[in-house]
Every structure is written in structure tokens, then in C-alpha cells.
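Chain nomenclature is as follows: A, B and C, assigned in order of appearance, with residue numbering initiated at 1 for each chain independently.
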Amino acid sequence: MSTATTTVRGVEQVTQPPQHGKPGGIMRHLNLGTGLLTGIVFAVGAGWIVAALTPSSATTPTFAPAEPEYVYLAGLIGWVIGFMLGMGAFIGPLRWMMGRDLTHDDAEYMAGKDLGVKRYFKFTTDHKVVGVQYLVVTLVIFGFGGTLAMLIRTELGVTWSEVFSPEFYNSLIGTHGIAMIIAMIIAVSGPLGNFIVPMMIGARDMAYPRLNALSLWLLVAAAVCLISSMFVGGMQDGWSAYQPLGSQAPPGMLGYQLTIIVFAISTAIASVNLMTTILTMRAKGMTWSRTPIFVYGIFASSLMGLYAFPFYQYSQILALTDRVWGTVFFNPLYGGSVWLYENLFWLLGHPEVYVIIIPTAAVTLELMPVFLRKPLFSYNFAIAGIVGVVALSGLVWAHHMYMTGWAPAVNYPFMLSTEMISIPVGFLVLVAIGTFWRGTVWTRLPLMAVYALVFNKMIGGVTGIYLSDVPADQYFHGSMFVVAHFHYMLMGAGLFGAMGGIAFYFPKMTGRILDERIGSIGLWTAFVGFQLTFGSMFVAGLQGMPRRVLQFDEQFNISNWISTIGAYIIGLGMLIFLAAIIFSWTSGVRASGNPWGSKSLEWQTAQPVPLENFEVLPVVTERPYNYGVPDPYDEELAAEDGDRVEKVGAS
Amino acid sequence: MSAPTEETLFPTTGEPVATIARRGRVGLWLMIVADVAGTIALLISYTYLWSLNVNGGWAPPGARVPFTESNTGPQKADATWAAEWPFWVILLLVLLSTVAMWWSYKAVKAGFEAAAVTGAVLSTLLMVAALIAQWIQITTFPFGPSDGAYGSAVILLCASNLFHMLLVLFLLIGIVNRTRKGLISQDVNYQSQAVSYYMTWVVVAVLLGALVTTFFVESPNTDPAVFGTFETGAKSAPEAPPSPSATPSSSPSASPSPSAS
Amino acid sequence: MTATMPPPDAPEAPTNRPPSMHRVRNWMRRPYARWVMVLTVVIGFLLLPLCWLLLAAMNQTGAPASEIMQDIETTVFVFTIVSIPITAFVFAVLVYSLLGWKHVSGDEVPADESPAIRGNVIGATLWTVVSSLLAMFLVVWGLVELAQITANSYGTISADEQPGGKDALIVNVTGQQWVWTFEYPQHDGLTSDVLYLPKDRAVYFNVTSKDVIHNFWAVELGVKIDANPGAITQTGVTPNKAGTFNVRCAELCGLHHAYMETQIQVLEKDAFDSWVRESGGGRTS
């Protein structure tokens, strides 16, 4: 063992493993370009090999699917493996196995030291780089999903003819759904969880920097799988990909299945990383009662994702084997059950929505004290709300299955648990309202977005109550009412809140302030369009319009026209917001390290944030949200009490 | 390498190795949570389908039995269940491999580096044996993945075992190499510990699989409803759709024609 | 902003009213507290018409045609009313925060002037108690309603054992891509693609599918159940209004899911019997 030592983060004489070549080794030559190249080569190569080996349809045995399936599947797997290979994801495990450990210089290279812009196009481990990469990927996926939404609404708005074929339309709705779900899952945890959380807890990086980069590039690989599915017939099923309908879908369904299988791995790794970071790397003095609420929210979301995502992943693995290997898990003819699929799917499907909404709620509660200059109202209630949601999240899934007939007796307890979960969610609303209470409103974009969030959350939450009632669900399930409800929750509250959170942390992530005028115009335009689209969609649902249909009775025409007009307005608003992001990022007003006057640790870093965040790791001595002045009414009340006691005492 | 006088520091971050080790343990437990969830998903699939016996299709048929209106699926005598003993042999091999790995870890913690390498090598060989045994079991089942829900579920459980074993094999090769090189030593051995813990979970996963395949074999639903044939294959050409129905308040259609079912 | 207090030298009668009552009364004298209460009431009244508007939308194709649907409409009405107080309060706070409390705009970080309220025991307790009571009310309402509906329809009981089973009509509903077929086993297996039902008589549906998951939704009757391949699910209803109603498929089932609709004809008893006879079904009820 070499006796080379170096100084690491101020600690001298740290023994280093042998340095093989220049710092970074082979990683110096690997980047997004090599990843794409290797990915495409492997995809084409695997597909070609399989095409050569697969029997032609004339001799295909009964349960082997037609050749294009195998070729596309091989291509997908080849793409994922090749892309990760070309990015250098396997170098770490390989080096570990060979006993060639990273030196400090290696680690600094991989963190992107002195690489400039290039570090954003490599397997870079610095959490700040990964956060920015997540932001870009999120925007791309939103753009993709949003475009599909415009196409869907166009079809539904043109009520006098069919714009798209039923095949294409059925693919549109499923692909739009899964793209948006993926985008919303990562929207806050990705950019902000990665960039902000380590700084917020006073750490230098995440617990597993290389796994951090891995989770991001796996996501990119998965996103390509999803987009590729549109070119081979699409998935032609809802985003829930119910079987056995999925087995009738063209090969595009394989793209969906691979997307989920890979995305689940990415999510599991990211969850483990975030949770370990939060559990083990908080700064000295940051006890749990001094931990910012955003950290709690990210932790909770990661925990739910960790235990629930594997069920979704396995539901897709089983659907995949049903398709290409002839298993019969969801084939009733040979003993399979459609209810098995539904249960496996919804075991994730429900916690999923909390995975999406809790980070948004948490970042909202995090930014409110800064812009109202008073502490978070009842920090303990916020924690209780988050904990309550996590505890109940795994116990409510079958409310998506009230109408399936799988076990009518369990509809009762699931109705109970579903209603109960509204209580911890209500705690979060209480904390928000309490924080607004008597606060000085600093009318900046991040806080204005909170108004949109709370308004939409109330509508979404109340309509959820109707759906949680089993008899009422006998009318509403499978109708546009459900679609409007979850868009109010996930988009109305989730997305608008995420926009506020991104506007809040924009200065820290990019060094510039998000243009408030353009950003606000975009946000409120989208808000108005949102009310039109989904308010009107509630009406369509109440009238009795089923969901996932491309043509419908004349009575639903008016609701759909209004919804479509609203959708175009949303699209316009979102494009304006995107323009604000791009414009501000490239040439916006430069920000200081702490433009909002926040007392939280992440804002105490220099701007631009140095590679290792803090010169000296901070020590926390105060509870969070130390804003505001003593309540003048308190003095009065104390005086009154004193007076009264005196009066009563002296008689 | 003998134990140093001061605390050993991790090269890339300068933190004490003990801190890194603790961080690694937390992460490992969390990864195991995800792994457990996935294994539970497979076990749920197995037991749920076992309990339902949909269309009488749980048991793998001895001879391919076409499902018709009058056929109630394969009878007990026809069913070709998997032999039970291979599951337990495989479990034994995985268990022994895990014990060997624990032995290696304890040895290196006590300073016996040669014994640690021996233990890791032994563990690797046993895991290879388990892998081969599992592969042989899968390829020699008297049924295939399409032969009843049992066939699918058992094969997937075994495939999950295979996946676990391959992952562990990779880890063991790394442990052997690193112990040999002295990177795992009395001073720095948290990675041996982590692999030992993970392998212990793998033993549990294989055990659970062996338990369900031994004790949940014949379905308790001995009188399932039979549905005959389905058409769940891909449709080549969609039927021409009827025109979208007019608003329902219009006059009712003429007397219906009894349509063929 | 000062609390109303008697002048210091006026004699104050000793009181055993608890301090918290003083607090609540004095709190309610604060201007913002009053405004928020007023706003809550105003917004609540503005939201109230929703109760009727929601029902109007649901009844657009025709008023409810069964007790189940009437129950559902009552539920929607009641749940809306029950949700209004908290919703109105939340909206009132949002509105007042924009209109009543102080604002600052601009780039400079505002001075810390807001009261550092970290919690309020009375407020938080009140919220918890009220929201829990409301949630419990909704649960109990829902559980009772569900039990009633299940008692009147299938749930987990087979056709012969249903209450009133012997007098009920049984219809086997089969969904397949992309048509509905109804079979009347009590009438020599008479089949139809329009659902004919007699008025004021319980009907039980055995629902299944021949291929993928469909969902049998008798819209105005308020009845819905998945049609699963490999399973028979059950539901039931008693139509109490004659007329033409809709069956729609409410689960994506492939290319022409949108067209998988048919009609329900609820007929008076005699009309139904004559339809059965004319269609070649042997026995009548």
C-alpha cells in the first residue's frame, strides 16, 4: 500500500490509495456523448442479434410473441446497459471489486472540480450538479408530457370529428399520465432534494455521491425508453397499464414496462441516498427539533417511495414476463388474476401521490416563514401531519379498487382509513394558514404561488372526500370527476407549489433571481387556464362522462370545449414560465448568496456555492424559523392577567 | 496491516472510517427495505393466486388440458408440482455460503487475515454451487411458465433467487479480492460486515420462497368457477365501432334482437 | 388594538370565569379576527349554491332513477355542506392576508415585524377537534350508507340468498370488446343488447367479461361494478323510475372503449312482461 498522503478538507496526512493514472482515470473520457453512443450501439446490436436468433413467425411456439417484441425489448435492454456503461456507471463497482479505490483527487475530479460546464454532461457526483441536471430533466419531461396533454385536449375539444386514431389517442393518455407522474415525483425531490438538502443540514455532499449520479442517469435512460415507446405503437393503455388490456398493446408497452423497471431502481437509490444523508449527516447541534421541515418532507417522501415502488416495479416485471415469456400472472384463462395486478399496482399507486405532494407541501412550508417573516406556525403539527400521512399512506390503496369487486368487505375499512388520512393532511393546511396569520406578506413570486397551491388543494381535497365514499364512488369512479380531482391535487397543488419552490431556490441554484414579472404572468395565466380546464372537467364528470374516451355524447360538448380552451391557456402560461426560467438563467439579475434574508443554513453559503459547500461545517444552536418579533398582544394579555389577579386578590 | 495508533481516515473525505461504516450500514438497511418489498410482492403474487385458483388454473397440468365450458381444469392427479427437496438444498447452500461469509468477517475483525480470505473463497464457491443448483432446478421443472399460475409464480420466485445470488456473487468476488489485498483488514472491515448482513437477508428471502412452495401447494379453492375460453390475445383488427350513441333522452330503439353471446 | 378594559380605578367584581373565556372574548374583539370570521361566513354563503349546482349537473340526463342514486345525491349534498366551513375559513384567511394584514413589495428583505407565533393551543386544538369530528361524521355516514346499499344489492351474497331474492330479477351482464350483452337466465336465457328492466323490482347483476377489464356503469341508477375476466362480480339495484337511461363502460378497455355504451329501458311491470314474451323468453316473472 502506497504511503502517499494528502490534505483532505483541512485534515492533513490522510493516507491515499495508489493513484492510477490521472485523477478520475477512465472517467476523464466518459460523458453524455459516450453514453449515447454506447447506448445506441448496444441497442442496435442487441436488437440485431435477437432478430437473427428469433424464430420467424411461421415457427413461433404458442406463447412466444412475434419477433418485433423481442427485438424492441432487446433494444431497450441494450440501450439501458450500453448507456450506463458509456456514462461510466459500472466503473465504480468494477474498481471496488478490483480493489482500486478512489483517491481524494479522483473524488474531486468526479465531483466536477475545475471542469466548468462540461461537468453537467458527465457522471458527476457533486450534489449541486446533480440537482441542476435533475431540474433540466424534469423540465424536459414536463415539456414532453405537456405537449401530449395539448394533443389530448385538442382531440377532446374537436367534438365533431376524430383528430387522432383510437390507437394514438389511447397511447397519448397513458404516456401523458406516466410522463407527468414521473416528472412530478422528481420535481421537488430531484432538483431541490439533491441541491438543497445537503446544504440545509450543513453537510458537504450526500451520503453516496456516486449513487447520486447513478440515480440521475438511470432516470435519463428510463425517460428515453418512454419516449421510444411512442415510435413502436405506443402503450395504448392508461398510465396504470391494467392487464390484461396491456397484453393487447403493441410493443410500445414494453417501453413503458422498462421505463418503470429502470425508474424504480433510480428512485430506490435516490431514496436511500436522501434518507441516509438526512439520518447521518446533519450538522452538529441539528437535533430533530431543529431540523427544517423541508428535510422532514423529503425524508418522508423518500421513505414512502422506498417501500412502495418495488410493488409497482414487480407489477411491471410480471406484466413483462406475461408478454414475452408466457407467464400467466394476469391471464385468467390459466389461473392468473386481474386483481393481483390491481393490488400490486395500487400498493404503490396510492403512496405515490403522497410521494409527490409531501415535498411540495414541505418546500412551501419552508419558504413561507421567509416571506412572511414569522416562524412556521406549529412546527410540531407539521411534523405530526407528515408522520401521519406516511403512517396511513400504506393503508389506503384499495380505495382505488372500490369498484373492482375484488373484496367488497374490505371497502369498509378502506373507507375509514381514507377518510382518516384527511386529518394529517389537514394539519399541513393548518400550519400553512397559521403561518399566513397576521404575517407581513412580502409579495414575491414564491409566496404568491402558495396562494395558488392552497386554493387548489382545498378543491382537490374536498372532491377527494366524495370519491372516498364508496356509494358516491359508484357514480364517480372512472369518470372525468376523478381526473379533475387528481389534477387539482397533483397539478393544482403539486405543480404550482413546485413552481414556487423552484422560484424560491432559483437564486441558490443558478445565481440569478427568477424574473418575477414574466414568471408571475406565466404562473397566473396557467392558474386561470387551470381553473377553466379542470373546473369544467368536474362538471363533465358530474354529468356522467367516463374517462379515457375520445368521443362522447353531445351533452358533454360544452364542458369539453371550455376545458380545451383552458388547456391552451395553461400551455401558454407554462411556456411563459419556462421562458422566465430560461431568460433568468442565462441573463437574469444576479443574486447575492441570500437574497431572501433567510436564516436557514443553505442560504449562508457563498455565491456561487463552493464545491464543498462550507469552509467550516456549521454548528446549529437555534431552533429554525427565528423570524418575527414578540406578539404585542402577548404583553397585553400578560398585563391583563396581572391586573385581574390583582383585582381579584384585593377584595 | 496492523492497527494504527490513530483513527483511520477515509481517503476521499477525510472522515473517520467509523463514520463511513455507520453511514454504509444505514444505507444497506434501507436498500434491504426495498428488496424486502419486492420479495413480498412476489410472495403476495404466489399466495394470492394460490388462494383464488382462477378458472381452475392454479395447478400445472400433467398434459396440456384445453379449457372448455365443461372442463374444470387439471385434477389433482394430473398436476405436476415441483419437487420440494431442491428448494431446501438450495437454501442450505445459500445458508452455508452466508455462514462462511460471517466467519470471514469475524476472522478479519479478529486479525486473522488468511482465515478471512479462506472464508470468503469458501463462501464464493458455495454461492456458485447454489447458483448452479438453482439454474438446474429452473431448467428441469416439469412445467413451464405458462403451465398454470403455479408454474409462473414458482419460476419467478426462483428467478428472484437467481438474481439475488448473482448480486451476492459479485459482492463476494469483491470481498475475496479486497481481503486478499488487505483493503479489508482488522481496521477497516465494514464492507465485509455489510455483505454478511445482506447475505443474511438473502437467506431469509430464499427461505420464504422455500416455505411457500412447500406448504402452499394445492389451492384451498377446490371448486373454482370455470369460465371456459377467453380472448386475451392481441386483436388483429378492431371491430367497426357503432356510431356514438345519440343523447339518451331520444326515443328508445325498436325491439331488441337476441344476439348470440 | 388594545383590549377593552375597565378603567383601573373602577371596582372589578371577582369572577370565577376561566381565563380562557376572557381570552376568547378579547380575541374576538380584535379587528382581524372579526374580519376573518365575517369573510368565512360570506365565502361560506357564496359556496353554498354549489350543493345544488353539483346535483343539477348530475341530473342533467335525468333525475335519479333508483334509491341508490338518490342516496348518492344526498351524500354529495351533505358532504358539500359539511366541507364548506373549513374551506370557507381557509379561503377567508387567504383573502384577508392579501387585503388586511400588512404588505411589502420590492427587493429589499422586509424588516422582521410579524408576531413570532409558534403555535396556538386553542387554535390547533379547535382545528383538530373540528376536522376529526367532520371526518368521523363522513366516515359514519359513508359506512351506514354502504351497509344499506349492500343490504339491498349483492355485495358478497349470491343471488338466491339475497334479501327478497326470490322475487328479484337476475341479469347476467357480459362485457366484451366493445359491446354489452344482457342475459336473463330466469327467462330461458333471453339475451339482449339493451338492458330492459321492470320498474320497482329488485334486479341483481352478475357481471363478467370475456376479454379485458370493463366496467358496467348504469349511470342514472347509480350502479357500477367492474366486469373482470375470470371472475363474476355482483351488484344490484331497484329502479324506481320508468324511462330511458344509459349504460357506459367506465374502464378503458381498448380502442373503442368510448363507444361501449348502451341503453337501459325501465318499463312498467306489464310492459316488461310483454317485452319478455315477445322476445321469446318463456316464463315471465
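Throughout what follows, contacts are C-beta pairs under 8 Å (C-beta built on N, C-alpha and C of every residue); 3 or more make two chains touch, one makes a residue touch a chain.
Every value quoted in this text rests on a predicted model; they were computed, and no experiment measured them.
Seen from the C-alpha centroid of chain B, the farthest chain centroid is that of C.
By C-beta pair count, the most extensively touching chains are A-C.
Per-chain Cα centroids separate chain A from chain C by 30 Å.
For this pair, chain A with chain B, the centres built from the Cα atoms lie 28 Å apart. Inter-chain centre distance (chain B to chain C, centres taken as mean C-alpha positions): 42 Å. The multi-chain contact residues of chain C, meaning those touching 2 or more other chains, are 61, 211-212, 229-231, 246, 254-256, 258-259. Contacts with at least two other chains are made by residues 166, 244, 248, 332-333, 336-337, 339, 551-552, 555 of chain A.
Shared interface positions of chain B, defined as residues touching 2 or more other chains, are 54-55, 227, 230, 232, 235, 238, 244-245, 247-248. Those residues of chain B that touch chain C in the shared complex are 54-55, 225, 227, 230-232, 235, 238-239, 241-245, 247-253, 255-261. The touching residues of chain C, when paired with chain A in their complex, are 1-3, 5, 8, 12, 14-15, 19, 22-23, 26, 30, 32, 54, 57-58, 60-61, 68-69, 71-72, 75-76, 79-80, 83, 86-87, 89-91, 93-94, 97-98, 101-105, 107, 109-120, 123-124, 127-128, 131-132, 135-136, 138-139, 141-143, 145-146, 149-150, 155-156, 207, 211-213, 215, 217, 219, 222-226, 228-231, 233-235, 246, 248-259. Chain C makes touch with chain B in their complex at residues 61-62, 174, 176-178, 181, 183, 190-194, 196, 208, 210-212, 229-232, 244-246, 254-256, 258-259, 261-263, 265, 275, 278-280.
Touching chain B in their complex are the following residues of chain A: 1, 8-11, 14-17, 62-63, 93, 96-99, 101-104, 106-107, 166, 204, 207-208, 244, 247-250, 268, 271-273, 275-276, 279-281, 306-311, 313-315, 317-318, 321-322, 325-329, 331-337, 339-340, 343-344, 347, 551-555. The touching residues of chain A, counted against chain C in their complex, run 166-167, 170, 173, 236-238, 242, 244-245, 248, 332-333, 336-339, 372-381, 403-405, 408-409, 411-412, 415-416, 419-420, 422-423, 426-427, 429-430, 433-434, 436-443, 451, 454-455, 458, 462, 465-466, 468-475, 477-479, 539, 542-544, 546-552, 555, 595-597, 626-634, 636-637, 640-641, 643-644, 647-648, 651.
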